[in-house]
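Same chain, two partners: subunit A is paired with subunit B first, then with subunit C.
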Partner chain A sequence: MTAMSAHAHDHSHDHGHGHADSHGHHVDLSESNTSMPAGWGKTASLGLLALGVILSIATLVPVFTGMSSTAEDVVKAAKHAMASYHTGFMVMLGLTLGPLGLVLVLNLVKAGWAITIRRQLENMASLVPVAVVLLVPTIVATMIKPDILFKWMSADPAIRGDALLQAKSPFLNPAFFYIRLAIYFVVWIYLATRLNRLSREQDATGNKQLTVQAGLTSAWGILAFALSVAFVSFDLVKSLDYHWFSTMFGVYFFAGNMVTGIAVLVLTLAVIRSTGRLNGLVTAEHMHDVGKLMLGFTVFWAYVTFSQYFLIWYANIPEETAWYMTRAAGGWEIFGPVLILGHFIIPFLIMLWRGSKRTMGIISAVALLLVVMHCLDMFYCIRPNIYMTFGEGVVKGKLGLNWVDITGILGPVLIFVGLLVRKVGSGPLIPLKDPRLAEAIAHKNYV
Partner chain B sequence: MSAIHPDQSTAAKLSGALRQPPEPEYNPQTGDGSLVDDPSVRALLVLGRNTTFADITETVCGYIEKGPGRWFWPTFFVAAQVAGLMPIMILYLIITGVGVWGLNNQVDWAWDITNFVFWIGIGHAGTLISAILCLLKQKWRTSINRAAEAMTIFAVICAGTFPGIHIGRVWMAWMLFPIPNYNAIWPNFKSPLLWDVFAVSTYATVSALFWFMGMIPDFATLRDRAALRLMRNPDSGQMIPLLNMRADRVMAIAYGLLSLGWRFSSRHWHRYEKAYILLAGISTPLVLSVHSIVSFDFATSILPGWHTTIFPPYFVAGAIFGGFAMVLFLMIPARELFPGMKALITLRHLENMAKIILVTGFMVGFAYSMEFFIAWYGANRYEQDVFVNRATGPYAWAYWTMIGCNVISPQLFWFKFCRQSPVVIFIVASFVTVGMWFERFVIIVSSLHRAFLPGEWHMFYPTPVDILTFVGSCGTFLTLFLLFMRFLPMFAMSEIKAVMPQASPHKH
Partner chain C sequence: MSTAPVIYQTEAGKPVYGILAEFATPADVYHAAEKVRDAGFTKWDVYSPFPVHGIEEAMGMSRTKLPLLVGALGLSGACIGFGFQYWVATQGYATVVHGKPYGSWQAFVPVTFEIGVLFTAFSALLGMLIFNGLPRWHHPLLAKERFLKVGDDKFFIGIEAADGKFDPKGVRDLLLAAGATSVELVED
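After this line comes the complex of A and B, so read on.
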């Protein structure tokens, strides 16, 4: 992929006539506007990457420093560390999946306005193979101690003998679990790689047919994407509490990923624009529409999250309410209101205003808030499984907040950001010869 | 864009030099010219390179002024006869009692609530097209938005009837509303059934406002054209027998009243556009909330098959699916019957809608399979039994009809020639309409007829009264839609003009 983007540089110059923006001004499509400066972000990328790796490793420190205490404490510390790391991993995975979904949709609906922002989504989606690497520690830890994260893998006869787990064992068994993970990643890597390749090939050749091919791939791709994202949320998040189930969970996970994916897109564009690049290519008009998308998906997330909670609360069936009960005690009760405010009400009220979508500072601040909130949301889904228990109508447990929770989440996320910076600096910032580029440049919001 | 400058062609048009009906020519490559595959070219939204703004006005107003043609009154007559079944059946129901229906103590929601959810679902496409597609700047929506909005209103009218007559003592229907009374009896605010009353009535109100507001400029056009004809020649035109007035006079008065003093001033347009975008913004969450609340009617219960968390978005997707199918079901024949309509609703528009059918078909398919999977995964025997019973029990035929119509039939739209053939689209749209009715039937009846205890098991068989009431509601819907096609502007003229190339002459 990198080799191909190198080609693209040579061709970006001979764009003879150029394109006019909505005011009829000529838009600069030369390399000085459509690529980051040579060597840009190298140090930052390495620094972030190193920090991410160090923080990820640091997450394991309490496991080793606790070696002197009882074996039970060590296991507890390891479980805590793995749950925090898993939270970071799920956020990182979502940051590749959300953008992948959006690229599929933009290709399918033949969106014209979004051409100049699409490359950054492709960059984020292209990091999906990194998620495979970041999943390795979890898989290794699970190999060493099967129930470190996934209690349903436990060898404990009390858990093995659980009637509900036995009923689910055709689905929840290690072999099938790993096969499924392999299938999801094959699908995502194929889609992300192919769509990136088509887009970058077009930078070089300008072949319009590549756009048609991307559309065709996206057509079946969206179907595979929908199923795989729903099922990965069952496998990697929902199954942590193997008794609980909700048909909405896949949609909930998808909605969260879309919000965060768009939020990180906003932050990426803010960084690029701050260097003066993409002048006339990503304007307030484009940010306005990206902001609308972010607003829309924030509302969609709230709608899905509310519906899931509300239906379970109203019907009040113990097998379903248990999940929320363990998240409404022991210090976890603060997360619900925080998410309602921070993941919905505050961003909703700010983003409703036209000016905030068109002002880079405000939209970036809201995007940052949404990323933090998504981390909390994933934390809220994953971490209570360590300390919280629900049985005989009694909820027991604690929040057990620890610095490990910060490093565990930041580690994988910073690795993602470090690699994204490198990716952004490595090639053209927009699809240079997309047949709908002129439409994106002339894009304007009326009314 | 066009070789002739728009002003020149308008001038030529006014002088009568240019009189081409905008009938598209058929091209094997691009169909009517709108099926361009080149990604750098956007298809024309209104066909005919020389089509002027005046042509659009002439075509759309012509449907009302000249009448739709000979087919209209016989069709209307038949539809009105069928519609007549509905009040007759309702009257019979009220006089005799709910026993004339097939529902019973166990299956206490059946045919009537199926009809309610079916019609309310149909009603969603209109607001989706006029609100959500407006916010998404999907310009092709201008071809169908007015008709779809009209359809929404008529579908909501049909929908609203069923819960009203389902309550048993129809004369107590006013108690659905929180009106203080002597006995201090209030509706149960904790019940989703009451939220339904609010959701549906709000939806009906906002949709009607949206629809009416959109028509105001077109009413004013019709008013002015009628007034102009009268001024030019007061003695022309048909006499309307009882009123003893010329048709043009009646039109000038009626459309004049409806147009609320619209004068086409810039200030009017400015406010109109602001109001339109605000209504679109308000209607968007409304569309989602209405069918979500309808889904709450079922999902807040603890009945296996009803209680599942995916219901709200699943119902919304199903509503859009069924609504678009109904738009296609009505507009494909209309395209054939009204002259010049093929230039306004192009093959590309039909293809876009076919794609929406395919996507939303997958969404409901996703929900069907998710429900099935989680019923198994949840390991709740009652839930599992309900789903096995759906697919293999006494109502399996209904379940497989639903799957065949909703999941399998739209698969034809993977093939380009199917998406581009109005006949195939029409057939699939009919299947989807049938399938969406059966979806509600499956959800409601198959879940209720076998609840927890075998002693409660009971079958539901519709009676002729059940069936004829539904047939009557179809007739009502069609009658109202035919009246709409005859007397109201079927297209939003200003919006169509705004998506024509002349509207942005500086764009290249």
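After this line comes the complex of A and C, so read on.
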């Protein structure tokens, strides 16, 4: 027996004291390990941000170049562009909401193992105010032409007189819609900024009371979060097809955001680790648990998505099945199988293996796949509402793919990534003085 | 080596099960386990009133094969569940339900999932018992009065005579050197 392994044993029973990892080496908490190099990512951040803005604006090009043709074509082009941009916006919003939900949970359950990964989730959640800015184009477009995205806002008497819409009008009316949106964003911005501020204040002061305060905020915060995320999915996605209803939709949206949030966390950690930072702070043990969460939420997403489909398929009520009928024809029929395979079966079979979760290359590849799949999933929820054909009493979809579908999705997502890069480079990569830091460093999966 | 395995007996002619050593603290038994591991023993075990973190590394244990068994049987269960429903709905007792086509896969998913989970749960439990050599009615160590403290505050290492490296004196010396507070012979 070597002296080293005796040392390891002593430290593995020393939770809460020395900053020793599972091998007994003392972990470097100096700036060279817990911050990105000075000036890191500045160019990349600016480049991504600029590209994101350019692509977002470029999405509108067909609207203006189409001016020469009929007014009807311009409206069509505008609807298409807005739907694609809205897809990108919802992905971007989800990338702040998923991580916000995780930060709330981690604070609430006093998760010791996750301390060294929590800061990156806080960074992602802190970008939720940007979503307000990115929502402005949609609101402005809606002000100019109310039914550009949300057909239920249309002044068309045929739509206004719709019995289903009238039954829903106490909820689905523009005034209440904007009030609700304002409430959601106030709640999210408050939670994200407060939890970020508490965490960063602790970096400076080491005050343990701040952890208690974060826990208390998370206790009511998680309830407010759950309701607001469910309702924003009703307002911004489900209401696009105002005839349709699905009680599962809020959970479906939440599950997708969690999967993507964790996937982007994995990619962020992979980038940070590739610069040699967080040595001994984010190890295969932490990636293993992040991978378990990603696997778990992937299964959860599949479970919820199938449950929604299954109930509608079984009951066979026209108002409900129309949503799936639209997505089962005209080019959309490929999305279902692609999502089942790419959003569930492939990641599930890969992430089931212990080694996949502990190998940065494999877990990152799966994370990237899941991000792409989430974009397709949002696209599948939002875009079919633009083109539909009516025939034989059945609503049918039409894909009508265009390059704005790519720019519209990439625009807001790249703006998010650009700002995240800047955020990652701007401060400590972990909560430096969290009282549970030692627990996170000593974290180990015994199976 | 082609020599037959040595069969150890007590002076009274009873077969020997192995040697049992008592340790006072988890740290003692942990370090002793490392020494037994490094000496190359394979048929031995550590007994403790509670889980000692990292003991599997100190014992040099390889990871269990249980997940492979559970995964294979779970997936088989799901396939059997799906296949059986499909056969019933299309061949065995084809019935129109809700006007939907025969063999609509959607209807089979919940039961497929549940049978997969059922097979997973049973294979995990039964596989664990089989891999652990359970159930068994009796264990030779339980004949030792001293060993009862394993449910209270003492830690033990038992090395079996069936181990190829077993030799009564060598094992006794090894365990004493490793910090055992007592070492005794156990009859089978």
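Criterion: the second predicted complex is superposed on the first by the 423 of 447 C-alpha atoms of A that agree within 3 Å, B and C clash if a C-alpha of one lies under 4 Å from a C-alpha of the other, contacts with A are read in each partner's own complex, and residues count from 1 in each chain.
By definition in this document, contacts are C-beta pairs under 8 Å (C-beta built on N, C-alpha and C of every residue); 3 or more make two chains touch, one makes a residue touch a chain.
Keep in mind that what you see is a predicted model, and the values were worked out from it rather than measured.
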Contacts of A:314 with subunit B and subunit C, given as first, second, both or neither: both
Which of subunit B and subunit C A:159 touches, first, second, both or neither: neither
Which superposed partner A:329 touches (first subunit B, second subunit C, both, neither): neither
Contacts of A:299 with subunit B and subunit C, given as first, second, both or neither: first
First (subunit B), second (subunit C), both or neither touched by A:53: neither
Which superposed partner A:346 touches (first subunit B, second subunit C, both, neither): neither
Which of subunit B and subunit C A:110 touches, first, second, both or neither: first
More subunit A residues in contact - subunit B or subunit C: B
Set intersection of subunit A contacts, subunit C complex versus subunit B complex: 310, 314, 316
Interfacial residue positions of subunit C with respect to subunit A in the complex: 27, 30-31, 34-35, 38, 53-54, 56, 58, 67, 71, 98, 106-107, 109-110
Touching residues on subunit A, where the partner in the complex is subunit C: 1, 5-6, 8-10, 12-13, 306, 309-310, 313-314, 316, 352, 354, 444, 446
Subunit A to subunit B touching residues, read off their complex: 24, 110, 112, 163-164, 167-168, 171, 208, 211-212, 215, 219, 222-223, 226-227, 230, 234, 245-251, 292, 299, 303-304, 307-308, 310-312, 314-317, 319, 435-436, 439, 442, 447
Residues on subunit B engaged by subunit A in the complex (per definition of touch): 37-40, 42, 135, 273-274, 277, 285, 288, 292, 296, 299-302, 307-313, 359, 362, 366-367, 370-371, 374, 377-380, 414, 506-507
